[in-house]
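Think of it as A, B, C, D, E, F, G, H, I and J in the order they're written, each chain with its own count starting at 1.
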Amino acid sequence: MTSHDEAVAAVGQVLRYLEERNGVRFDPEVLENTPTRWIAFLETATQGMRAKEPTAVQFELTDGGTVQLSDVVFHSLCEHHLLPFFGTASVEYRPRGFVVGISALVHIVEHHARRLQLQERMTRDIAYAIAVATGSDEVKVKIDAEHLCMSMRGVAKPGVRVTTQACASGVSPIDRDENQ
Amino acid sequence: MTSHDEAVAAVGQVLRYLEERNGVRFDPEVLENTPTRWIAFLETATQGMRAKEPTAVQFELTDGGTVQLSDVVFHSLCEHHLLPFFGTASVEYRPRGFVVGISALVHIVEHHARRLQLQERMTRDIAYAIAVATGSDEVKVKIDAEHLCMSMRGVAKPGVRVTTQACASGVSPIDRDENQ
Amino acid sequence: MTSHDEAVAAVGQVLRYLEERNGVRFDPEVLENTPTRWIAFLETATQGMRAKEPTAVQFELTDGGTVQLSDVVFHSLCEHHLLPFFGTASVEYRPRGFVVGISALVHIVEHHARRLQLQERMTRDIAYAIAVATGSDEVKVKIDAEHLCMSMRGVAKPGVRVTTQACASGVSPIDRDENQ
Amino acid sequence: MTSHDEAVAAVGQVLRYLEERNGVRFDPEVLENTPTRWIAFLETATQGMRAKEPTAVQFELTDGGTVQLSDVVFHSLCEHHLLPFFGTASVEYRPRGFVVGISALVHIVEHHARRLQLQERMTRDIAYAIAVATGSDEVKVKIDAEHLCMSMRGVAKPGVRVTTQACASGVSPIDRDENQ
Amino acid sequence: MTSHDEAVAAVGQVLRYLEERNGVRFDPEVLENTPTRWIAFLETATQGMRAKEPTAVQFELTDGGTVQLSDVVFHSLCEHHLLPFFGTASVEYRPRGFVVGISALVHIVEHHARRLQLQERMTRDIAYAIAVATGSDEVKVKIDAEHLCMSMRGVAKPGVRVTTQACASGVSPIDRDENQ
Amino acid sequence: MTSHDEAVAAVGQVLRYLEERNGVRFDPEVLENTPTRWIAFLETATQGMRAKEPTAVQFELTDGGTVQLSDVVFHSLCEHHLLPFFGTASVEYRPRGFVVGISALVHIVEHHARRLQLQERMTRDIAYAIAVATGSDEVKVKIDAEHLCMSMRGVAKPGVRVTTQACASGVSPIDRDENQ
Amino acid sequence: MTSHDEAVAAVGQVLRYLEERNGVRFDPEVLENTPTRWIAFLETATQGMRAKEPTAVQFELTDGGTVQLSDVVFHSLCEHHLLPFFGTASVEYRPRGFVVGISALVHIVEHHARRLQLQERMTRDIAYAIAVATGSDEVKVKIDAEHLCMSMRGVAKPGVRVTTQACASGVSPIDRDENQ
Amino acid sequence: MTSHDEAVAAVGQVLRYLEERNGVRFDPEVLENTPTRWIAFLETATQGMRAKEPTAVQFELTDGGTVQLSDVVFHSLCEHHLLPFFGTASVEYRPRGFVVGISALVHIVEHHARRLQLQERMTRDIAYAIAVATGSDEVKVKIDAEHLCMSMRGVAKPGVRVTTQACASGVSPIDRDENQ
Amino acid sequence: MTSHDEAVAAVGQVLRYLEERNGVRFDPEVLENTPTRWIAFLETATQGMRAKEPTAVQFELTDGGTVQLSDVVFHSLCEHHLLPFFGTASVEYRPRGFVVGISALVHIVEHHARRLQLQERMTRDIAYAIAVATGSDEVKVKIDAEHLCMSMRGVAKPGVRVTTQACASGVSPIDRDENQ
Amino acid sequence: MTSHDEAVAAVGQVLRYLEERNGVRFDPEVLENTPTRWIAFLETATQGMRAKEPTAVQFELTDGGTVQLSDVVFHSLCEHHLLPFFGTASVEYRPRGFVVGISALVHIVEHHARRLQLQERMTRDIAYAIAVATGSDEVKVKIDAEHLCMSMRGVAKPGVRVTTQACASGVSPIDRDENQ
């Protein structure tokens, strides 16, 4: 088991390794406070992992057409490189007798973005969660993102746009658990 | 002193802390390889700290007008949060009897971006370095960036554009060392 | 029963609560006149609730193709937060032997926007009303809006675009009443 | 003195007035919970009034050029109509020997937006606050906003852009208090 | 029967009514010449009513694909308010053995715009006329316009875009006359 | 003196002249109601002539920077052709100790647009009126418009943009009256 | 002296030369009518040469600010290649006690475009003509054009934009004649 | 038969006709050299008429997907008015076992543009030629152009966009000759 | 066999040929170092030819929707003219039970761009390689490029956009080898 | 001395070196013809070196304002890497008593682009050449380019824009020769 203080201390070790590797001395303020700040960042960036799936208030409405939210800005953290990826999500569903509060849909996006994540899995899981929350047969999710693990390292190609799409339909919470 | 393996092990501790904090289990592949990948990323992202200031080939040219490079994409790492900031740099100088290879100007930008950095200091240091390399009396640097430390945490305002500008003029290497 | 003056007085109480909650004193002009202005705003913003459904003049025209109005700016008031949502509506129908005055279509949009409202219901009700006014088998309505209840509170995500669509076809006034 | 519950009850009176004024019955969920939600919104929207002016960490830097933050999205509340106005702020200063954390500048904008406000006063007060925080001789603030009090009522002109600008220079906290 | 001079005199009466209604005196030049200018404008704006349907030169061409003209700017006059509406027309046809001079298609648009008009009827009549001129089975017309009767009066919504579409196919001049 | 009914009858004469001129018969609905509608339009379009100059509420504010409103959409009526011109106005002033309600500035633009007008005079008169209302030394007005008298008749050049600018400074109501 | 029929016959000779040069036979309709059409085009394209300089109505206005017309589309004919050049003109003047009808300014542009022309001379002559018509001390003309003589032959560079600017000031008709 | 010199002399006659028609004297340089320049232009503009259809190198490639060239700028000459039309062509084909050099496709466009031409015929003939060169079953050609014969004369509508499309499929050279 | 030094010497011969052909003397630095630099460039530009096909890490994921990478900037070298072509690639696949690391897809694009190449073949080979790496039944590749061999020589048409598309489906490595 | 055939043979050696370096075999067509094509390209790309400075026809014109050509697309060849750089040039001068044919200015740009070149020197030399051709005191040249030597090798930063500017003034041909 690792305590918060041990985690902070571990980041301090990483900084000292960078000092040695590069033959430099960091500013004392950096050495003293950056580890705490980075651990706090990680806690914020993973808060979706310890929160419960958001619930959605329901409002009865027959003939509800379709509902789409787009340009939902999100930031997530790539589980393979601990590096951010970020962009916009678009979610859409066709109501069956009731609509849900539109904020709930944004909370679902946030819930799945705030964790160590894979964009493809995040897309699918948001689709599942909206299908559960709305009971809808037609759910579509599309996510456009830039990944810093491709911009700042490796292939070093800034500007690549990664677009993932997923649909979900009539899934029940039980089906969903078995799929994961 | 911290060795490479100790740095990797320290990141592993951070991951275990996140598991406990969030009550989750990460994928074994993540636990095994992500620490190594993140340390490798940090080494890449700080390579400007251990490299020598780039040198610039000189080509004689009288009446050389002005030379500007813009849309130079860069990625750097904020020293207070270990989080990326990135954007574009524009650099400009007025030659005095000779021009320098344009690639050298881009190398100077990279050299100062690839480190734990502060955008304001990076802007000023690039201006100094170009003044030294070109001997020019008129050097202007402008950097536009987005900082993830404002988008993913804290004030949580994605989309804020930070623009810094600096000039340099006729500095010698000696003046510069004293200023740093 | 609440009179106009009682409603104004109630808003005054809310302002005094804000003074206490925040430990400030508002300007006397604000305390004296803002409650009256806000009640007047609410009366304007809900005037669609007390007006009759707009009527449409009819002009005979065979083979009328399709008619679409887009970029119809509207402002409405979210019934759950008393906060504005606003954007543009697009309405379209295929005439059956006669066309209606185009202003009538805009009046219908206004009629359903000027009330405490839900965007999904507003979209559907505009489609119903146009189907009644035109007798058309093919009515399509699309509404794009930004909701301040997502920008200024709660998820705090400015810039999310909410798009709702609905169709209506051959509905009579009787069918419509039963559906609501 | 007005308690929280009295404020909520007062909003309930306003809703009942609207029912009578318009001859309608609101949904029970609206009658029950909307007053609480609107009071909670007002508390959020005025939290800058009860918070302390944000403090800014200082980092030494000679020859710091200029620093500008733009596209800072904000939402505020017009004190004359209790209606939102919102847009973007741009702030700029020329450092004198040290720079401040860029997040602090955004916190200052938020601090002055989260209150019953007048755009012209907000612009000036942000300029003052940045001059105090940075000690700079050259501070410029520019705010672009749309006011719902012009879009949804009164002149009913959606799309009018209100741009205010203010400068501040070398003010001390004392000068500032006297000016307010 | 009304002569030209009587028509001019009638507009003079309208101006005098406006003087009385508003309690002002117009400039003598306005009183003297504006009526003549406005009658001349009406004659220009309705010249399509007294002209013959434009004829189209034919050029033989097998396998002629499709031909489309777009961005054809037009101005017309709403017959209900004597107010202009204007925008762009797009016309398309699939030739059957011959093509027609492209100018003829623009003349047809002008011919139906230069009259007291209804946008829906104008769209249909242009489609009919092109079907007659080209003998084509596939004619499509689309018109996008802004109507000053919605911008300057009534619902007072500037910026609404009205889009009408019509098709025509194999119509003979005889069919057309019966449909009108 | 011309009564409202005489004015309506005069427009009827104009329509009958157009019937004779073009050899057509208008729809009975047009003959019966269009004259009334057009007179009603003229009354709306000239209501600024019979209204009083809008008054502006004043709010004390030292160091008020500059205040600009742009993208103020307006429609006016050219006094030489009775044809609309329309576009956007931008107004700006530097406050001297107090600011005025921003709606008042828009009301001033409307006041001078709603009349038989000349764009150059309208621009100057708005500048004068704002100088009077604000007591400011620095008032700037800029108006961009399209004139249908150039698009639909005469030179027949749609798309020409007419831009007029005027400044005003420290004028008193007395100076202004003498200048007109 | 060359009559109209001789000019048409001369164009017929040119067509026959092209038949021989290229070893082809043109369509009889082309041989018969194209010469007449091209001569008619030249007469239209040079009609500014035989027309009188447009006159401008004057309207008294003190403090008239500045007046600018932009996006005035024009087509002219390059005198060296008989090939079209075309683009947009922008004209601006500062009135001295009176303004002129805005259509007059467009007529002046047309007057100088409709001739065998040189863009630089056309720009200057429009500036002169506006100075004469308005008596203004400050006249500015700017013309942006594409020249087919550079796109279709010679350097064969489509897309080159040629921008000419000229000012004029207080010129009298006499000064102007001497300059030409 | 007309020689080159006779053709040049004929253009000289046209210029003298314009002098008489307009009552002007052209510059001697214009009278002396413009006829030669215009004949040279016509020779360039019709060189596709005397050249052979371009040949295309073939490169074997199975599974070659689709190949499209777009934004191919071209200039041609309308055979009815001797006036330029110009714009962009887009050509596409699906290879059958081999691809052709992409330059060949552009040469084919040029070959059919450099002649007295009709846009509809040019579109079809390019499709035929590409079908022959590639043996492809699926060839699509789309041409967007502006015609000066509609901008500078006749309907005088600058900005009209003429779009023609044609397909070709499996044609052999023999089929093609019969269709023309 | 040609050694590296012989290749460099051969480029030197080319430079001397250009000196003679053009009657000039190049700068000594050019003569001395440009051949080495150009050979180094060719080695970089063809490194995909000597590298192994990139491998892709696999992550299990059911219901993975679709994955698309777009705006992947690439530069390649046309095998017929040794001249660069460059643009962007877009790749898409539908996962079957697992997803691959997104960087791998970019490495595959680079692998096929870094060689003497034909755009059509590169498009197809990338589709094949992704089908092999992902086992997907639905792979789509689209490449947009500009070719300097059309901009700087031959048809001399800068700005032509070449778009190639290819699909691949369920290919095994064996099928692929037979197709090449 | 190197003959054309020896230059072609030298390129063949380079190709064979690439075969060995990469362990591949090129297509026979490539081996046979690519060397000839590349030498032909170099001859085209350097033709400005063996041509005479373009001459410019002069046309008398007093008060000629300013003349600017922009968006002049050019392609040149970097003398250090034999790699293309390309973009647009803008040239401007103020005439002194005469203007020059606008094509001449484009020919001057081409003349200095078609050689082994340095962008800074090209910019200055174009300014000199225009000053000589026009005798103007005010010549400005601005060139925007992308360099493949930065996109395809070395720093590998595609998208960097290099902007150079130069002025020239009253230079005589003698001054210019001494400067070079």
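Assume a residue touches a chain if its C-beta (ideal position, glycine included) is under 8 Å from a C-beta of that chain, and two chains touch if they have at least 3 such contacts.
Predicted model only: the values in this text are computed from it and were never measured.
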| Listed by label, which chains are in contact with subunit C and with subunit J? | none
| Farthest from subunit D in C-alpha centre terms, which chain would that be? | H
| task | For the copies subunit E and subunit F, give the interface type as same if over half of its residue numbers appear on both sides, and as different if under half do. | result | same
| said: With a Cα-based fit, what is the angle in degrees between subunit D and its identical partner subunit H, given to the nearest 5? | reply: 180
| said: Suppose each chain is reduced to the average of its Cα coordinates; what separation in Å results between subunit A and subunit B? | reply: 27
| task | Could you put a whole-Å number on the gap between the CA centroids of subunit C and subunit H? | result | 55
| field | Whole-Å separation of chain centres (CA-atom averages), subunit A against subunit F | value | 53
| remark: Expected list for subunit C, residues touching two or more other chains, is 73, 80, 149, 159
| Mind pulling up the subunit C residues that touch subunit A in the complex? | 80, 118-121, 123-124, 127, 141, 147, 149-150, 154-155, 157, 159-168, 179
| message | Which residues of subunit D touch subunit C once you look at their complex with the stated criterion? | response | 1-4, 6-7, 10-11, 13-14, 16-18, 20-24, 26-27, 30, 33-34, 37-47, 49-50, 73, 75, 79-84, 86, 115-116, 148-149, 151-153, 158-159
| note | subunit B partner, complex, touching residues on subunit D are 59, 61-73, 95, 99, 101-103, 106-107, 110
